Amino acid sequence: MQHAKPLPSYLVQRYHGWKATTYKDNQAWYHRLADEGQRPRAMVISCCDSRVHVTSIFGADQGEFFIHRNIANLVPPYKPDGLQHGTSAAVEYAVTALKVAHILVLGHSNCGGVQGCLDMCSGHAPELEETSSFVGRWMDILRPGYDRVKELPSESQRDALEKQAVIVSLENLMTFPFVAEEVEKGRLSLHGLWNDIGEGGVEHFLPETGGFQPI
Amino acid sequence: MQHAKPLPSYLVQRYHGWKATTYKDNQAWYHRLADEGQRPRAMVISCCDSRVHVTSIFGADQGEFFIHRNIANLVPPYKPDGLQHGTSAAVEYAVTALKVAHILVLGHSNCGGVQGCLDMCSGHAPELEETSSFVGRWMDILRPGYDRVKELPSESQRDALEKQAVIVSLENLMTFPFVAEEVEKGRLSLHGLWNDIGEGGVEHFLPETGGFQPI
Amino acid sequence: MQHAKPLPSYLVQRYHGWKATTYKDNQAWYHRLADEGQRPRAMVISCCDSRVHVTSIFGADQGEFFIHRNIANLVPPYKPDGLQHGTSAAVEYAVTALKVAHILVLGHSNCGGVQGCLDMCSGHAPELEETSSFVGRWMDILRPGYDRVKELPSESQRDALEKQAVIVSLENLMTFPFVAEEVEKGRLSLHGLWNDIGEGGVEHFLPETGGFQPI
Amino acid sequence: MQHAKPLPSYLVQRYHGWKATTYKDNQAWYHRLADEGQRPRAMVISCCDSRVHVTSIFGADQGEFFIHRNIANLVPPYKPDGLQHGTSAAVEYAVTALKVAHILVLGHSNCGGVQGCLDMCSGHAPELEETSSFVGRWMDILRPGYDRVKELPSESQRDALEKQAVIVSLENLMTFPFVAEEVEKGRLSLHGLWNDIGEGGVEHFLPETGGFQPI
């Protein structure tokens, strides 16, 4: 790997600042986390988007959340075909090895991935239909969600599809036998959330109404 | 989705604390981020491990880092076969749509995924060899790294394999044509890092020596 | 311009050091910044004083802060009279073209400009009262601040007037229609700061109390 | 000033990191700087542009450079009319009070202010011609430079005008009696520089040729 570069100096400087303050003040906790392993209470599945700061919004500290982040916070359906499924591996590890008590699926407003899905499904982004488009193929997971929002007025489709990304992922989570079993035994609970970036709002999915409501 | 539950109250409470403080003091920035879109400087690929807090270590705020997190911070080789590749989709979006200037691959000590890979490759975890094991199939990506560390004394194999997870991922990144092209044009740089959880240390990969060195 | 000289060699030497290290490690970012333009999150208005290092104190890298520096970090009142107003031009560009989310006004201890204002207003520096004194006329902006501190014991007047330089500038910023509008829409926030050079302290202005408090 | 907000928490965190490292390691120097006042060797006049990091490029530490930053690094001609001239005040203070030995005027590539001047002077930005445009009136300083580049091919006009911003400013500096006097006595030297943001290059103005040359 002759192409790697040293870390940019502004990050080196910030790291040393963290080491001298946050790390120093919590050294004992970091040692315990290293020696005894992690024991997170929750898994969070969120988008890679730089505007979503799940640890900040929920005041989480090191050791609290096992966090998987991918484009548009999607979970694919259970498919044990021997191929590589990074999201399914993360869910499997969280539920069977770490035995987390909660899985939070956190969607958000202004999602570029969801917008891409909308463009693709409505025929406006043929490049995303190509076999070689990783983003397009990934967003295929959300096609069942598109079918549920396509009749809505166009100005409300993206928000609705962002929320479908949460609902479809929750549905797909229940297709994993080890998830369904823990949920049914009452040892694991699933939560759907949607974050409005600009307004700082968070809504959660309520299965009784099938809708989202501010927390 | 009749199985979703409302958000646990301790998280609701923390959220309201964040809204009244961090959000309130940064409202203008969140509005800008929502209206004008994200333009992160770097993509970070890190592990889902709850003990790795990349935004904290590098003092990053909302909008700075596009973050993908998966088990053992792995990037698979380029394989445009029309199947779902969440990590490849995230890399594609970061490089081609967001045009990030840096990709940081951040490994860490005490990594459960890497330990699993070590156990599997050395014949001590037959369950991970099964077709149905998502974690096992995902850790297959790191097999080329195992071949490079298997002759080491057993007590130093895990650290070495954690660092191979970084190196193998950097190597695989360069198999993506759009990554290699941007790197060669000097418009994207790759960085390999390894975080010692307990000691709070960070080392970066130096291609000249092939080794890692404290920053 | 027959008077210009080549750059002193100690600076040439340092530049080559920067080029071989910081530039080389961040080349991709510099290319992006050049090609895609700046999008700084904040504008900083600070003093020219050589002891104030705003990028160092706040760990900022290239591209983060749009920085205007003048004597005593002053913003004059809005006055669109067709004459040259360098500070007003900088504020206009930051808010209307770059759409920054924050303006930080950063004052500091031991400020020579503020001391000059104090001497002038208390009758001890007649040369600063002259029409031809650029420093004197510039410090006129701070006269409303002097009126608020002149009854204080003399030993505490300079600190108080340095903080007034921040407050008066924040007040004057709100006289610019485009600043007031963005602030009221929640798309721009103003922050007042004062840096103690010797002790390395930073205090911020809290409007609830009208005073400054360590951050 | 009821509109000021507390400092965003990411900057508070970074500040504490700086305090615990850079400040702590240099505490004695900061105390001396506070107690004995600044004695900078050079004044730098640069653009507010967030991509220009003069302290980084020239490895400058606290106390070395007295820095004035405005749109397009311009110095207006000497005009002691009793009105407010922030740039002239900074030059006066640097030369007569601080007795700096060098003034560096640092221009740069991709300058938005210079682009605005070009648009305005070539008739493509009528809004910048308005009395109420602070940016337009400020860029009037560069009109004499436009006259020297307007016959060039359009693709090379911006670079040429950026360099004229340096030359015009050097010329205007010499109209200040206290600058001319110090230059003629050999106690002050002026330097013209231009920074290529993307390539990391720096060129200096050579009066013998009237052109710029890489340092």
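A, B, C and D are the chain letters, set down in written order, and residue numbers restart from 1 in every chain.
Keep this in mind: a contact is a pair of C-beta atoms (placed from the backbone, for glycine too) under 8 Å apart; a residue touches a chain by one contact, two chains touch by 3 or more.
Remember, it's a predicted structure, so these values are computed and weren't measured experimentally.
*Asks:* Once you count every C-beta pair in contact for both, which comes out on top, A-C or A-D?
*Replies:* Answer to which pair has more contacts is A-D.
*Asks:* If you fit subunit B onto subunit D using only Cα atoms, how far does it have to rotate, to the nearest 5°?
*Replies:* 115
*Asks:* Centroid of subunit A to centroid of subunit C, CA atoms only: how many Å?
*Replies:* Centres of subunit A and subunit C (C-alpha means) sit 41 Å apart.
*Asks:* On a C-alpha centroid basis, what's the spacing between subunit A and subunit D, in Å?
*Replies:* Each chain reduced to its C-alpha mean, subunit A and subunit D end up 45 Å apart.
*Asks:* Would you give the residues of subunit D that are in contact with at least 2 other chains, written as numbers and ranges?
*Replies:* Within subunit D, residues 5-8, 13-14, 17-18, 22 contact more than one other chain.
*Asks:* How about subunit D: which of its residues touch subunit B in the complex?
*Replies:* Result: residues 5-10, 13-14, 17 of subunit D touch subunit B.
*Asks:* Sort out for me which residues of subunit B touch subunit C in the complex.
*Replies:* 25-29, 31-32, 35-36, 39, 41, 59, 63, 99, 101-102, 182-183, 185-189
*Asks:* Provide the residue numbers of subunit C that touch subunit D in the complex, in ascending order.
*Replies:* Its residues touching subunit D are 1-8, 11-12, 14-15, 17-19, 22-23, 27, 30-31, 33-35, 37-38, 40, 43, 48-53, 55-59, 61-71, 74, 76, 80-94, 97, 102, 104, 109-110, 112-113, 131-135, 137-141, 167, 170-171, 174, 183, 189-193, 196-200, 202, 204-207, 215.
*Asks:* Where on subunit A is subunit D touching in the complex?
*Replies:* 13-14, 16-18, 20-22, 24
*Asks:* Within the complex, which stretch of subunit B touches subunit D?
*Replies:* So the residues of subunit B in touch with subunit D come to 21-22, 24-26, 29, 59-61.
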